[in-house]
């Protein structure tokens, strides 16, 4: 059976000796590094690292690694977190009526391409319940209107906590989350927007793209912040269109883009490849 | 020797019989159609067509084709123009200090990939004079400042008229043209902007892209209008970037994009493949 | 309700007057052309056309259009066929064990992105039966071995005829069809191959790609002929890979490519956009 | 003024402690690592690394770094080499008649996008001499025929040695080099081939692509080996084509692809980002 690995994500002010110290820490405890990637920002001189090593043979029990690492982390003033590849992350999918991103994520999870559990699906509509239930998923219906929004979000949060959810994926969920909700799951809510942001933020990107006469359309997956469509971008991609494409054509072509772009972002997050730095991301592909 | 073709670009309100009438007109005069493409806008129901036929065997002399076509054009209320492939269009290049788009266009023209003459190169700097002159080009230096702008543009326009210029290409020309200038050459001035418009209009698109943390950068060629970076888009393309790319890296990667996107737009225009419709283009590739 | 259109696909030796004659035929019977595209091969001078017009107002009843068109077709020595957009094509899906192309096509058909019925799913394995049945599809299991191949194909063909199947899609079906089978459905069987053909034909393209150290991998959808992986190509696309990608990584990345490339080819075929010409295709996108 | 960096490229059988040992070596001598990337092959378990650090502050003089590194290299059985970023590599361009790759490389070198000197241009034709001389390049004409090939190659090699050439770039050079020549400059000769290898090796790739009816064409830059078009691939890219593209159209479209793909490979090589491993490359982008 495949052994688990440990993954350390860290950032700190750049200085001499970080790579040496971290790799020594792993080596002295008999760890075998299987991946390492680093990045230093050019102007602000912040150092970022993702390092993965085999737990097999590593002489610190996994529950004590964090404690053992703390002195080193303190010396370099690191922000860091530690993950284990045999933990199965728990993902909540938020959906409305569009089926394609939802379906796509379920399929990838079923095939094992995305490593996670889906303990709950939350929706403000009933439409996708039968499909969810065919796949054995727990579908929870929370209709939202201006009056009940706070209340319903409180219920949703209770549901998320009950299921110990690690990541929320908005798979074309058509409600804006409140700032309080977002704060609870900061950098743990991924949205898909159907344009190459910052162009065409808001609810009608394909209509805007049609009116402007652009020759490419795009999709953007990003972490959700209080500002609509303005969070740190994880993945973007585009396809070419022409004058022949109506808004309907764009919507259809965009579906393939949206689902691939969202799935990539979810996969990167679940594999601990993303570090958020201010309004931007470092993605160790 | 290869015979010339005639190319007719037309638009009119859609109705039954346009294709039949136009193709009959050509056939009855013994013309052989070599390309035909059409498009009808979905909502406004405007019909657009590009049709190309061989002059060899066509029984109307080329100078009388327009007159002969007029009754038909009148019946359908067409806007139209007629071109001949053995005419060599006359292109003025406007440049500032960046060499790559300029160099690229010269090279393509020299190799015969772009069919045109370049009777004049106009610049607000002296930097590219030696290169222009190596290629035997007529380089005219018009330094611009807020005081002399109107005057210098008048000189430039005189120069353009003297050379019977058909198309102006702003190959990274860093001056904004006045509305009067633009009006004289409406839909005959092509600019290259170094972003995927409408994102990042203005003078610092790579800096903006860096700050926003996008994962793709783009380039846009468009006809120039009074509104900066807002004219009808002809060609767009993008490349992927990552957190590792500094503003300098983007600029370097963008160069390849910019020159290809500009060259494509110029080629489409010179081959009479573009019809401007309001703020958008129909491009019959 | 949206009215039906007629679509005519035709090819013939190029000569003067084809476009005029065909568009006149439609116009004189009061048809409104909504799309028209043509192509003439450069060396062999064969003319190809796809023309679509509204049946609403057209003064020939649809069952007599073919007869009415025959004299014109005869005059130009045309090969042609006629389709109506309100007919729902009948597609048989052939699958083995891989689920992603199958799932993807079902989803697109359910969402209405691909216009067809799926009267039967045929497989040499039982694995995908539950999924098919969840979507209400008729799943027929025909295990194949060298001894029973002829017999089983005869049964499959009977099944296909019973369901009046217009198009067969091999959605990662891992059996080679016999020449007799292929002949019965010439240019009506679409396969997806997981490489950019002609590179890496055969059963192990990702392994071959890995060994050769290529930096891009691809997928190809094509009509099936007697020669394995050698039929007329309909759609191809690629993605970039690097030295970091194992064969498993390529397989995962390839899935997204394969399903999009296959779906595009199926859609083009069902919209009567493809004409096969020898070993190549004309695709009127 | 920007200080120089050292770049170490190394490979060895994978084992615990390599990253720690190498980064310690640099840290203990007070070096600041600015980039580090590594890769381990999945099956053969070979470890590859590229590590770059600032010489400023590093306490070993540059001419003694190699000697100081040797014990560590020996312990892990490393193959390695060491470069300094303030050395300007010396590149010989080999050309025939096609101008576009040649022109493109000169332009990039002139603009500073590619960091190298070009002490000599070698050609079997006189055509590009004027262009080379306009840019102040030393153009050497060595016409080749079956009789004089060995002799002329000997002269070319003498020329290359005289100019202490580090890298040879075949910018559409239409002669096959002998095995002896290739052996002298193993993994230091880069060629551009106008197809996505392994498809369409040989002299007529666009003609082959046309005949096969592919929907994408490509370009491949690779190190030259004795086997034609079969060396380790450095960069590949493709563009989409359609049935409308003649062989001439492909050649024109391919030019943009070829020059970008070749320039990228040259840049990667000159920045010491490429390690050849058997018939494949590791490219630390």
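Order of writing sets the labels: A, B, C and D. Residues in every chain begin at 1.
Everything below uses one rule, namely that a contact is a pair of C-beta atoms (placed from the backbone, for glycine too) under 8 Å apart; a residue touches a chain by one contact, two chains touch by 3 or more.
Not measured: the values here are computed from a predicted model.
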| item | value |
| --- | --- |
| Chain separated most widely from subunit B, comparing mean CA positions | A |
| Comparison of A-D and C-D (more C-beta pairs in contact) | C-D |
| Centroid distance [mean C-alpha coordinates] between subunit D and subunit A, Å | 37 |
| Distance between chain centroids, defined by C-alpha means - subunit C, subunit D (Å) | 42 |
| Sequence positions of subunit A contacting 2 or more other chains | none |
| Residues on subunit B engaged by subunit C in the complex (per definition of touch) | 15-21, 23-24, 26-28, 30-38, 40 |
| Contact set on subunit D toward subunit B in their complex | 99-100, 103, 107, 110-111, 113, 134, 252, 255-256, 260 |
| Footprint of subunit A on subunit B - complex, ascending | 39, 42, 196-200, 211-216, 218, 232-238, 242-244, 246, 279-283, 285 |
